[in-house]
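Got a structure for you, questions after.
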Amino acid sequence: MQTIIENLQKHFQVVSYHQQRENLGFLIASKEVAVGLITHLRDYEGFAHLVLLTAVDWIEDEHFQLTYLLHHPEKKVDLGVRVMISRENAEMYSIHHLWEQARTYQRELREMFGINFPGSPDVDKPFILEGWEEIPPYRRDFDTKEYSEKTYFPRPGRETHDPAEYMKKKLYPNE
Amino acid sequence: MGKEYIEKRTVISPEGNPIEVDPLKDYFCDAAPKSCKSASGIIEKFANWARSESLWVLGFGTGCGAIEMRPLMTPRFDAYRFGIQWRPTPRQASVFVISGYLSVKTLKRVVRSYEQMQNPKFVVALGSCTINGGMYWDSYNTINRLDHYMPVDVYIAGCMPRPEALLAGFDKLKHIIREGRGEGANKYAENFDWYKGNQKKIIKDWDMPDYNW
Amino acid sequence: MSKKLLKWNEDRTLFPEKNSEGKIDVDYDSHKFMKIWHGPQHPGITGNMSLELTLLGDEVMDCETHVGYLHRGFEKLMERRKYIQCFPIVCRVAVPEPDFNEYCFASAMEELAGIEVPEAAEWLRTLVLEMSRLQSFLAWIGGQAGSLGQGIIGQWTIYLRDLILDRFEELTGGRIYHMYMLPGGVRGLLPDGFRERMTQNLDDIDKFMKDVKKVMFDNYVFKKRTVGMGVIDPAWINPFGITGPNARAAGVAKDVRKDNPYLKYPELDFEPVVGKDSDIYTRADVRRRDLLMTVDLIRQIMAKIPDKGDIRAKTPNVLHWKVPAGETYSRAECTRGEYGYYMVSDGTEYPRRINVRGPSYTHAVALLEKMIVNANIADVAGLMVSLHTYPPEIER
């Protein structure tokens, strides 16, 4: 694992590297070099299998983190490439030409986070939701409980009480 | 999203003649449902007995509960001995088993399938998630109360209910039908506007006629 | 590629000509094409999903998978629940095989929190995972046979699956959803007499599987309909992210249990089952042999599993459990391939983000859309079932 990272640092500017466990590491790359770095990892280092592509919403820092998790079938190691992109006008270069399955992931991210991947086939087609009019649901500022209560006629009876207060009121109503 | 497929348009027939097509009008029969009067006395009793002894279930696994339907079809629990069997199409079915939570996208298909079923029709709702949302009470994509969208005859609680519970639920449904209380289809017809209003409130992408059968 | 992808009628004179990309231009106004929805209300569909097929005659020209009928927004719901509150809902992600969710969730959390699981608990987890694989395979064989017109296999295997579900009920208290693997350990030890009953069930399964082999795999009709059908080219494995039996049937020995061993698998004796021809028949056969291997593995586990011992590691108060900040990925080999949880923690009581990697995600969308072109409409159900997809883990 260490040799792969040292090799990488000769060619690319890797911001930081963090070894999570023996066979799993995460590195941070900038948005511009990310696709080149992933292509290099796939073609020269042998990370041939894209395990997943997902996003994390860091709303406090105003950015999305995209994680490309790659797996090396021979060395049996995983490498996560983290890319930070801005939350406003979120956009990332597409990798559908590297892995066919990436277009499905990108369609999902487009719908659930509102991250655009220009050039990815069918990226604007609805994938999971149908007729969705609110902000993309996986963003942190979307409140699912409030939306559900507003929309889906909640059945009365599902209240939460602070147990200490509730029992006190119930057992000693006069105090 | 474009909806050209439900707009009026002109198509060329195989013979070369242009035809005006209005899909919502031409492809569906969209007259509103009517409530049917029941026959009197012993005839209705006999009909109800017959209905209760041949419950034909629509084979539409809408949620996780579908996994417990398989054991019911096989020799260990064997629902067939109670006259319950699974049919592939809504036209042949009389019982709609809603197996678990319904997402908005599925609800649209469920409403269509339900309206295509013949009268009299009964709905068995399976699992806590159809009663009050269950595990997914705060989810943005699953409904909380099924009885706001279609009349429900029997609820079976549990997450998920065991096959024995399903059998007990079907037994209950039989009692209800035999007593003449299985009036779901009439209830749907009488409160049609209320049900439609609730359905339209959450199904934003409404590209079908109001009632289709 | 030497083998034809799918068989079709050799006389193609009535078909429209192909365009420069080697595809047929679909023109609905020519009245030659027809659009059919295969699902969601369709008895030959695996779960609740649908395929939008464009047909020419009875041949599929184009296919689009539609998912999202089972979307519950788990990844959002987990963000607003504490870790221990997430635990009852994770198993609902993949309905027919819930234990892998529990294991991946628990192990990702243990890794971030730095908790060592006691040895007895590791053995029990291995046992539960293998039992879960066994029941899922049994349900699948019934589905594959049923989709090609052999209903009787389903009657047998669902009965066998019920036997395993009984053992689950004994061990965990639940038939389908077990909620057995808590973060930090498991909920209970083996009950009295569990071994004898389990051995009896495994013998039954062995006996029945011989019949299944005779009736299904040696059946002329089954062979005729599946040999040479629906071939996955080994070159597709990496671009499409194919894992599990679908990859092993193509001759690529991908098995997370061997590649990245977890739990007690290094102490068990097994070899990944590998096939050669990569058609529907080979995939079914790989799964059948995998099932027998799982039976063998359960026997090995039963011989080694301790009767007594510590099953829970010491954990903080679960109601105020702050998992240290960090991110990790934990994976396991389920019946369909690599199952994984990607967990990001920001040091609070709530997970920041959890992403579920279900193997069906790639199999059912990108791969199926490619494979199904030029299939006969009658084979669509069999082809789809042969990929062993579960819709709930695609959309979560």
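When the chains are written out, they are named A, B and C in that same order, and each has its own residue count from 1.
Operating definition for what follows: contacts are C-beta pairs under 8 Å (C-beta built on N, C-alpha and C of every residue); 3 or more make two chains touch, one makes a residue touch a chain.
Chains and their UniProt names: A = NADH:ubiquinone oxidoreductase 30kDa subunit domain-containing protein; C = NADH dehydrogenase subunit D.
Because the structure is a prediction, the values reported are computed rather than measured.
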item: Chain occupying the most central position, where position means C-alpha average; value: C
item: Farthest-lying chain, centroid of Cα atoms versus that of chain C (NADH dehydrogenase subunit D); value: B
item: Geometric centre distance via CA averages, chain C (NADH dehydrogenase subunit D)-chain B, whole Å; value: 29
item: Centre-of-Cα separation between chain C (NADH dehydrogenase subunit D) and chain A, whole angstrom; value: 23
item: Rounded Å distance, chain A centre to chain B centre (Cα mean); value: 37
item: Multi-chain contact sites of chain A, meaning residues that touch two or more partners; value: 126, 128-130, 137, 142, 144-145
item: Where chain C (NADH dehydrogenase subunit D) touches two or more other chains at once, by residue number; value: 68, 71, 73, 76-77, 80
item: Touching two or more other chains - residues of chain B; value: 105, 138-142
item: In the complex with chain B, residue positions of chain C (NADH dehydrogenase subunit D) that touch it; value: 29, 31, 40-43, 47-48, 68-73, 76-77, 80, 88-89, 92, 95-96, 139, 142, 154-155, 158-159, 161-162, 175-177, 392
item: In the complex, chain A residues that touch chain C (NADH dehydrogenase subunit D); value: 20-21, 23-24, 26, 48-52, 54, 56-57, 67, 69, 73, 76, 78, 80, 99-101, 103-104, 126-130, 137-138, 140, 142, 144-145
item: Footprint of chain A on chain C (NADH dehydrogenase subunit D) - complex, ascending; value: 67-68, 71, 73, 75-77, 79-80, 111, 236, 238-241, 254, 259-260, 326-329, 331, 338, 340, 342, 344, 352-353, 355, 357, 361-362, 365-367, 370, 395
item: Sites on chain B touched by chain A in the complex; value: 1, 104-105, 108, 131-133, 137-145, 148, 198, 201-206
item: Complex interface listing, chain B residues touching chain C (NADH dehydrogenase subunit D); value: 11-14, 58-64, 66-68, 70-71, 73-76, 86, 88, 90, 101, 103, 105-106, 109, 113, 135-136, 138-142, 159-160, 162
